[in-house]
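Across the two complexes that follow, chain A remains constant while its partner is chain B and subsequently chain C.
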Partner chain A sequence: MKHLDEYRDLELVKPLVEELQRAVTKPLRVMEVCGSHTMAIFRNGLRTVLPQGMELVSGPGCPVCVTSAPHMDAFIGMADRPGVRVAIFGDLFRVPGSNGSLANASSRGAKIDIVYSPMDALEIAKQHPDQLMVFLGVGFETTTPGIAATIMAAKVQNVKNFVVFSTQKTMPPPLIALLDDPELKIDGLLCPGHVSSIIGAGAYEPLAKKYGLACVVAGFETADLVKGLIMLARQVATGDIKVENVYPRVVSWEGNPRAQKMVDEIFEPADMEWRGLGVIPGSGLKIRDKYSDFDAEVRLDIKLPPSQEAKGCMCGQILKGINTPKDCPLFAKRCTPASPIGPCMVSSEGTCAAYHKYGQDI
Partner chain B sequence: MTEKTILLDHGSGGLASQELIGNLFLKYLDNPTLHSLEDSAVIDNQPGRLAFTTDSYVVDPIFFPGGDIGKLAVHGTINDLAMRGAKPICLSLGLILEEGLSLDELERVIISIAEACKEAGVPIVCGDTKVVPKGKGDKIFINTSGIGVVADGINISSKNAKAGDAVILSGTLGDHGITIMTRRAGISMEGDLKSDTRALHRLVAKLLAEMPEAIRTMRDPTRGGVATSLNEIAAASELAIELKDEDLPVRPTVRAACELLGLEPLYLANEGKCLVVVQGDMAAKALEIMRSTPEGAEAVIIGTMTQGKAGRVVINTPVGGSRVVTPLHGEPLPRIC
Partner chain C sequence: MCLAIPMRVVKVEGDPDDFTTSQIATVDADGIQKEVRLDIVDHWPQVGDYVIIHAGFAIHSLVEEEAKKNLELLKQLADTMPEELLSPLNVNEE
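Up next, the complex of A and B:
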């Protein structure tokens, strides 16, 4: 694959790993915010070669993981309704609500389409005009522009049976909520690569300034990750705290203004419940009133039930980076990838799934 | 003219069934044993121990680049026999057809089955057809069972791997699985994305002829992929397996598609590949033999059986780290972003 292999090149990576060993002169805790980073770090076995004094904790960056149980219940309830079909990204399929998952709904006969793009859902809607197609919008800034574009396309094409249930979330607010928690002690953020391509590296500047947090935007290949960690270690060592971008081939300082504009046309900020973190003001996106014909919550009159998290599940603490999966009494016992309780076990990007898959006894 | 399709009558056992058998199945699959249309096939006595296996095929789409459900059904069962060191002798063919399936499509599948059988030299000797009402099936489901013969002195089993043995993979990872997933997703990729479905019994026969004692274990890593098969070998032999990340062979197009969909080639199905665990000092020779066959032209040594924690499969990564490879849990699902 062009522009990937060179970032995995051993000749390039080995010296970087050695450089990382030298760069860590003070103990530091780094939170990798993005679930794809978590997976890439595990896949590379990076945790097993981290220098002494450097600790990595996984943050709230897996969109499936932070989808609240009431939202999952609403999704499942909707899929069970006659005349409705839902379209989802694949990893939502097995996420548990308080009673079963969409996989269970599917086995009861609910019509669930696994799609790769919201545009696919719109196409399916057009093929089934007698059914209401609900696209379950779960994701961060990376998926939101595509959903906004799909709603625009549905409006232009006058498709009446396509709606979106938005639980879209935005990235800086949960980080601020986390940083305001006195229990959370981290020195640096490995900032997400894909999200930052939309919001821009500049979005993290308040975190560096207000909280004195080292911030480095990094990509997902081995060299990207190690380079990002080196920069974080250097910032902490020298005390020169700022936002740096080692992923300039994808991320700019300003982000993608066209995508931002499209999102702003369709969505407005709203309070949003996060699994394990509770309601964070202004951390979600709801569909603006002028597009309410495409809003599933309006069209189907959905009222979210109050949240009831599974007993003993430590997903919240794990997402905050306060605990690791191994601290959870359910981890690898009652909660496994085959039968997940908390959402961190469900997505292949979830912290618990990643630990279970790659991290056992390592 | 309306398209000819499968009717419930075709599964009735009456005249319509007989027409289907005569005009379609015997037309392409005929051989003396099948031709008698008796209630069971009688197979001549074979020297050696019998191997017996069965597998069902429900793939969607039924036609895909590199193959179709018919070829899979023939190759899959032949390979299951071959993995125990058996020489495949014959197959059965059970069809469950959905009412409304086009006869043209059925004919294409039967022709494909006939070609695969002919190419492999393994006949279909008995069969059965049922038709289910529209909506109760998905076009066509196939079951094939197979009988093979294991020569004296051959003892291939997942339990037989020993520490120091080499693990050879006969070719690239994930070609079949990713081809099906991208077809389902309607994603077209440039390049050579196609199923690797093929029969492996000749490769196996060649290996066993040259080094019957040195071959410990063979597995075809179908559903669950190489990761799951390796875990099964490690568990059965009570040993660990160490792999080197950079030795795992993946076609660039397959890797690109996996990156796109958030999938790992190690967990994707293969339909024409085998894992061979061979005595360490015979590995180079085994590799040479495998590479001399068309099925194993791209074979590589991917790892070693070790005295580590029993049942544990570990990959050593290029950065000098390591990670555990667990078996597949549930269907591989594409990631969100």
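Up next, the complex of A and C:
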């Protein structure tokens, strides 16, 4: 869609940018939770025109970045087992565990398929009935329904060599954990577009009500993003704190009931470890007992090793919005996209990768 | 990870209430066609509607009028910023 490109141009949304300048009458700190927002904001240069008094920090919204080192180690250990092949979304390939990455396992001979959709992994499984295909489920609410639907398809089609290792996570719990952290001070939340299309804008109401946090759901075009920031600034200026949705063409108040039903059929809430944030109660999703034939942790009897973070990496503090990549002594020196030390530098949506690509001077 | 470009539906297969049928749509964007799954789309689309896709799955469908209106809204915002669009900004009250 060619005509969408023009909205990405900051020059074209100049009137909106000017309105944003007027809207900021009180200093405010906004967290953009979604990794795709982080990238869009850097790509279109929005950071260079932010009004004085408005600060943007990135949150824990890059799924690869918040995957814990023990989970990465378990993924790698699994890929090394004979008779097993693993399928992943590409971003995961080079993420370091405590000792190497899936890329290293691949060069040792592990069978790793990079797929675009979990359904592709199911198709590959069917072509290799002699191997156990493990799909590494890493993602938030937008990804989970597709994984649930794939497990359902595997059951319907009676595919016995397809399993999922779920480290699926849900967004509201870590946000609440962050808001309870006295070190972090934020006034507004730029809520993720596509996560919200599944869970609904209404899911942020407790954050607005209990924590007095301004919440605006926004899309990914430049106009969407600037509009979202205007609404946040206006809420903070007037003190009328609530949840607003400037992405109604994709997000409704209730979300997507068909997707929610599919997720609820296959998954149940579980405690989950987040890189940098620790274990957050009820923030993950595990496969229900009824579908344990499709649960890699059950089929392969996986025990998670104890947690170990890369030495000197500040991803944890960065994911919490407390530090920026520039505070990390390794940033752009020992840690670069070509030779990353932490996950925030690996993922195309990681905050360190975004700063490295676009924002060294900001 | 998230792409917000709506794709036009040119063919729909399967029964919306029966996930044992293969629920698939063929979509078109600038002449390139591909298949997407409809298992978890919020509203079952008709040919001519638009869908938003995540990892091979349609997650949201829009009727053509809605898709166009939204594109138009964005375009107007970008061009002129008419006051009525800017001041209340309460587009979410449906």
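In this text, the second predicted complex is superposed on the first by the 351 of 362 C-alpha atoms of A that agree within 3 Å, B and C clash if a C-alpha of one lies under 4 Å from a C-alpha of the other, contacts with A are read in each partner's own complex, and residues count from 1 in each chain.
The criterion applied here is as follows: a residue touches a chain if its C-beta (ideal position, glycine included) is under 8 Å from a C-beta of that chain, and two chains touch if they have at least 3 such contacts.
For clarity, every value in this text was computed on a predicted model and none was experimentally measured.
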item: Which of chain B and chain C A:201 touches, first, second, both or neither; value: second
item: First (chain B), second (chain C), both or neither touched by A:94; value: first
item: First (chain B), second (chain C), both or neither touched by A:49; value: first
item: Touched partner set for A:355, first chain B, second chain C, both or neither; value: neither
item: In the superposition, chain B vs chain C on chain A residues touched; value: C
item: Contacts of A:13 with chain B and chain C, given as first, second, both or neither; value: both
item: First, second, both or neither for A:165, with chain B first and chain C second; value: neither
item: On chain A, the residue positions that both chain B and chain C contact, one per complex; value: 1, 4, 13, 36, 63, 89, 91, 116, 120, 142-143, 194, 349
item: In the complex, chain B residues that touch chain A; value: 185-187, 246, 252, 255-256, 259, 261-262, 309, 315-324, 326, 329-330, 333-337
item: Chain A to chain C touching residues, read off their complex; value: 1-4, 6-7, 12-13, 15-16, 19, 34-36, 63, 89, 91, 116-120, 142-143, 145-146, 148-149, 152-153, 156, 192-194, 197-198, 201, 219-221, 223-224, 227, 230-231, 234, 244-246, 248-250, 252-253, 256-259, 262, 349
item: Chain C to chain A touching residues, read off their complex; value: 1-6, 19-20, 29-30, 37, 39-42, 52, 54-57, 59-60, 62, 66-67, 70-71, 74-75, 77-81, 86, 89-92, 94
item: Residue numbers on chain A that touch chain B, as the complex places them; value: 1, 4, 8, 10, 13-14, 17, 36, 42-49, 63-64, 89-94, 114, 116, 120, 138-140, 142-143, 194, 222, 226, 336-338, 347-349, 356-362
